[in-house]
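Each chain gets a letter, A, B, C and D, in the order it is written, and its residues are counted from 1.
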Amino acid sequence: MNALVRLFSRPWIWSWGAAFVIWFATIMVTGGASTLGLTQAALTFAAFSIIVGLGQMFVITLGPGNIDLSVPATMTLAGTVALKFMNVENGMILPGLAVAVLIGVAVGIGNYALIKALRIPPIIATLSMSFIVQSAAIWTNRGLRIKPPSFLADFTTSATLGVPNLALVALALSLLSWLVLEKTVYGRWISAIGQSMPAARMAGIPVDGVRFITYVFCAVLAALAGYLLACFSGGAALNMGSEYLLMSIAVVVIGGTAVAGGDSNVPGIWGASLFMFLVVSMLNTYGLGAGIRLIMTGLIIISVILLAGGRKPGAR
Amino acid sequence: AAMPVSALADTSGKKIALSNNYAGNSWRQAMLESWEKVTGEAVKAGVVAAADAFTTAENQATEQAAQIQNMILQGYDAIVINAASPTALNGAIKEACDAGITVVSFDGIATEPCAWRIAVDFKEMGRSQIEFLSGKLADGGNLLEIRGLAGVFVDDEISGGIHAGVEQFPQFKVAGSVHGDWAQDVAQKAVAGILPSLPEIVGVVTQGGDGYGAAQAIAAVGRPMPVIVMGNREDELKWWKEQKDANGYETMSVSIAPGVSTLAFWVAQQILDGKDVKKDLVVPFLRIDQDNLEANLETTPAGGVANVEYSQDDALQVIEAAN
Amino acid sequence: MIRRSPADFIRLLIPALSLAVLLAAVFWLQPRAMSYVGINLLFNLAVPIALATVAQMFIMAVNDLDLSMGTFVSFVACVTATFLRDAPLVGVVILAGSVLVYAALGVVIHLRNLPSIVVTLGMSFVWAGLAVLLLPAPGGQAPDWVRALMTMKPPLVPIAIVAAVVIAVVAHVIVMRLSLGVLIRGVGGNERSVERAGWSIVAARAAAYGLAGLFAVLAGIALVGLTTSADANIALRYTLLSIAGVILGGGEFIGGRISPVGAVIGALTLTLAGSFLSFLRISPDWQIGAQGAILILVLALRLVFNRVEKRGHGR
Amino acid sequence: MMVHSRKAVIEVADARVSFGAVKALDGATLAIMPGECVGLVGHNGAGKSTIVSVINGGLTPHEGTLSGDGEPLARYGVNAARAMGVRCVFQELSLCPNLTVAENTRLMHRRIGGFGWRSRACAVIEESLDAVFPGHRIAGDRTVGELSIAERQMVEIAMAFSDAGVAPRLVILDEPTSSLDASLAEQMLAHVRRFVAAGGAVILISHILGEILSTADRIVVMKDGRIVADRPADAFSENSLVETMGSVVRQEGARGRSQDFSGAPPVLEWTGGGLPFRARRGEVVGLAGLAGHGQTAMLMRLHAANSSDWLPRRDPAVTFVAGDRRLNGVFELWSILRNFSIASLGDLSRLGLVRSDREGVRGADWRKRIEIRTPDMENRILSLSGGNQQKVLFARALATRAPVVLMDDPMRGVDVGTKQEVYEIVRQEAAGGRTFVWYSTEMEEVCLCDRVYVFREGAIVAELAGDAVSEDNILAASFERGAA
């Protein structure tokens, strides 16, 4: 009984529960025949939201007002430039990855420069930055679709032991993030800054350094997601990131990370990402129109937060 | 020193602007490039004084309306518009007309009566897909429909045409419908999500730009490949070609050529020139079939879209045809 | 009359100056804009944005954020272009109902202690869905009175300026002069002490959200008056625009520090920034980026002024 | 005194309040008569703030009754209390910083509504400020956020004594002087006496026992949620009061040591306006002067100059003990242990990974060393009383290897017993070679320092060392050329 209570006090349980219910409702339509296909598809596509969500979570953990709206533009720029750079050659895969990461680093530096040097609130700073990055993406390849190297295309679209490779990548990144947040000094620092920046400063935490690294990390993860997404969908498109603006925020908050900062939650991102994909699949499967589908999505999000909300942040 | 290209009034002092609401995909980029190429030559030749292209930061009717109002202030003689909404720009377009400016809309057309429209028959674009499928698959069967962006005019029109087609050929049934937002990756994701719960699909009807994504999603789960109606992106055509070479895969491609912006340019120039032009013009959509696939693929730039650019003569023909 | 403290004055001075500088630049680039018609063309689309910004400001006053502003204004636009014209009574009932929904959101967010960002994120899907149901394809038509109102030609001063001033004055009176406004800002500043003075925080939040809903409804109506018709995506941009407008106008995300006049000026500045870029004739590739650059520039200006102010005050 | 013939303004009988397992009030009975000032004292967490909440209507006791003017009060709440003329200055500042003084007044007094409320509110608060703090120079249209902490506290106190329709009858002051310097505190206490003489009632809560003894007519001592003594003020001396509260008085002769530091190496230096600042190894340097004259700013500057915002430092040069716990002290989501260890993670980690075993050992060590009263270091920090939270902040700072400890009036609201413990720790650490820079608003603490810098208007105006460190000298320096 007590264990059950403890379980339900976990912030991530609600997103997992919601994802499971919807998964079940969807496979029931075909009497279970679609179980494997749906699960694989959900894992594959959730992987992208997970990767960008992780980065966004680090930023949101930094406290109220911290958010990165440049995620979609970064994905686009990294995807387009990396694919152009690799030019369909398998030998260029790693240099291409390095280029994507470098783009992430550059965007992260730009973001934090605006926030710190010009004192622009993060929400506006990253929005402005995203316009510039988007322009850079347009300028570099003008929307041409270049195919990914064949090895990468195969890797991103296939599975290992039935688990999509992308989900494995997301899992590795999640474990890394979890380790960083829970076990490292840096993780403590982020959480402290998120609870109170003045207190963190007075406790001797290098606040600017930590925030800077966090914004860079978020941009790098976005760039990585862009790189993978471009390879997965057979080429980069100028609008390929747009979906991930609201998505990256939604999966973080539905996953149980405190919007007020200081408290992050890695497992919740998985639940929320699967949930966001499955909701659309379910409503498509039931043949509901776009209007109804949107309304249901919204109501489900609100119900999840209503069920999970009102909880006191757990002692740690 | 310019050649006399027109027998009527001179437009060499006129300025034309392109109002564009979105630049985020290869179709729009091709559209802008065609515009730049064709109008650049026209300006050099002294046909018009200027032909500037403007794109809004975000794909929103409100921003485009502001952009049009700015163009009025900038003193353009004609504005060529690819409209974000057929009706939401009417206020701004009316202001332009009142200021004596010629307004020509294309692709995304505007319903304001004072503007000219170069329309594609989107309904027919949808219907013809089913007609084509009925020729290929006499027994009919289940179809998957990939729609565009919800709430947008073009999406509604093409989808209406598709459903009209299904009524006409009742052996077909739309078993599932998803919104792919005219984007490869979104379509891929949506299809992958609904596919596991669908019965066998014999055909996929699309709105262009999303065929390759659908093919990828279907290939990923190892289902038999249905007939996917393609758009005009190079990757779609290339995939089709590969399949054709490998197993004789047959399909078709319908789309609207991004170069239609140049047609709109010439039409605007003709109107400024004093030519009497009907308010509603129609351009045929671009259709690629099994036999002219290779030819089209050859002229399509790598990573770009199949395109047709128009000349002044083409414009004159279209204008004549309407009269 | 009571004089405002210097901080409040500076808070307003910066946005006002940015607007003035931008306006001067626009007039210099395009002297044609310096006319009755020109000014109206520059600013009329700022009117709905100003209303939405004021709406967002009410939410930000109680330390919340509304991510559904854009979809809600789109929804209202759809209602205006359909019901409000064809069946005015039904239209009014729907709009009044949606204002109540906003107030109810405030209540739920407060009672269940929910993050407003998530709830409004969810609501943005709901409003978008309702809008798509109402108008699956763009269409509808503005009620004649709305159209007449928005295209009015008052003597001397164009309607856009008249409307902006009216909005600013009304918002100022509500927020700065009425006790209700003080209460709402008080909730943003120190919720606990307001509660201990015997006020109902739930009611204050409901009022703030309700007022936001009301102004957002006006934004939707005004927008349709300008565009003559609606679609489900017509105002999606207003979410970020309204937040940026409040910030440009000197408002802050937390602490109940807001300025209604500043918010209206912020909305005008954002609109004008777009025109300015258009007049600059930047290469199409970089037009989007330039919008980002100008946002940065205007906000950087704020920093410069803040520095100057600090130096003036520093002891 | 004839007050006893009248009926009590408010009477709390046998009130019980518990928060979970904590019995915050355990059968407390208290009656406040008109025309008396009741001094309420007790250790941190004794239940003083809780009984205040009950009287103020903010908290309904789980058991027990309330009556006012002899009548039982059935449906009592914040609004009923205000209507009866009960006013409260809360322990933590409770004004809205984004509003002006007048607007705050409007919120506090529900009756100042209607057209033209602004000027009325302004008049009400300015009149009251003039009465309590003559010569205050706070205008009604100033935004509270721009005021110094002391000025904010003044506004709050004036607000409680202001009259806008309902005259104040019972004013509760919960640690009102914690941010006021001596002269302002005296002005306030004088007003309390005037108010009481005119028939008003006051409850005065303070950890500064001198204030209580000089101002209160009657003193009520609380301990663990119960009232353990209730006698006229003359019946107490400072020592007997402390004894009743349950703290052991440790008699200390002034500074205990009078060492010459001129030979010790300087570890911290700063030159700005005024005299230069210098602190040497092993020294306890005091920052004194009237509240809000730049002492905190100085500490912040010293901290900023000696720590990096960009790169982590393995060997921090300075560490900081906050006075304003809520703002820049505790991390509210965290356990006591995490709050304790955050500043010394560099020593507790390897390759960036926190070694939780070492963290736990170190935490247990310090818990014993400075007696943090908690069953488990894994409990949330907010489960501690204010004084114990403060001890955790001390432990956090002292557990680092930083040679300099900056302290920003850290004893605010800490009870006498805890204070003595902390003084002892400071003395030991200083003997071990640590340097302390200590800002305090309490003269007694300043007098514990080896050397004192006196601040006026943002600059150091005097340096006192050794036997020159005395209340008279500090006051003289603080007021030089000033009002005094």
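Heads up, the rule we're going with is that contacts are C-beta pairs under 8 Å (C-beta built on N, C-alpha and C of every residue); 3 or more make two chains touch, one makes a residue touch a chain.
These numbers come from a predicted model, not from an experiment.
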item	value
Pair joined by the larger number of C-beta contacts - A-D, B-C	B-C
Distance between chain centroids, defined by C-alpha means - subunit A, subunit D (Å)	45
Distance from subunit C to subunit B - Cα centre to Cα centre, in angstrom	35
Distance between chain centroids, defined by C-alpha means - subunit A, subunit B (Å)	33
Subunit A-subunit C separation of Cα centroids, rounded to whole Å	30
Where subunit C touches two or more other chains at once, by residue number	131-132, 136, 287-288, 291
Multi-partner residues of subunit B (at least 2 other chains)	23, 57, 150-151
Where subunit D touches two or more other chains, by residue	none
Pairs of chains, among all present, that meet the touch criterion	A-B, A-C, A-D, B-C, C-D
Complex contact set, residues of subunit A against subunit B	26-27, 29-30, 33-38, 40-42, 44-45, 131, 134, 138, 141-147, 157, 229, 232-235, 237-240, 242-243, 277-278, 280-281, 284-285, 287, 290-291, 294
List of subunit C residues in touch with subunit D within their complex	2-5, 7-8, 177, 179, 182-183, 185-186, 188-190, 192-199, 255-257, 315
Contact set on subunit A toward subunit C in their complex	64-65, 69, 114, 118-121, 123-125, 127-136, 138-139, 142, 246, 249-250, 253-254, 258-260, 289-302, 305-306, 309-310
For the subunit D and subunit C complex, residues of the former touching the latter	56, 58, 77-79, 82, 88, 90, 94-100, 102-104, 106-108, 110, 113, 117-119, 122, 140-143, 145-146, 457-458
Parts of subunit B lying in touch with subunit C, wherever the complex brings them together	20, 23, 32, 52-58, 60-63, 65-67, 69-75, 85-92, 94-95, 149-153, 155-157
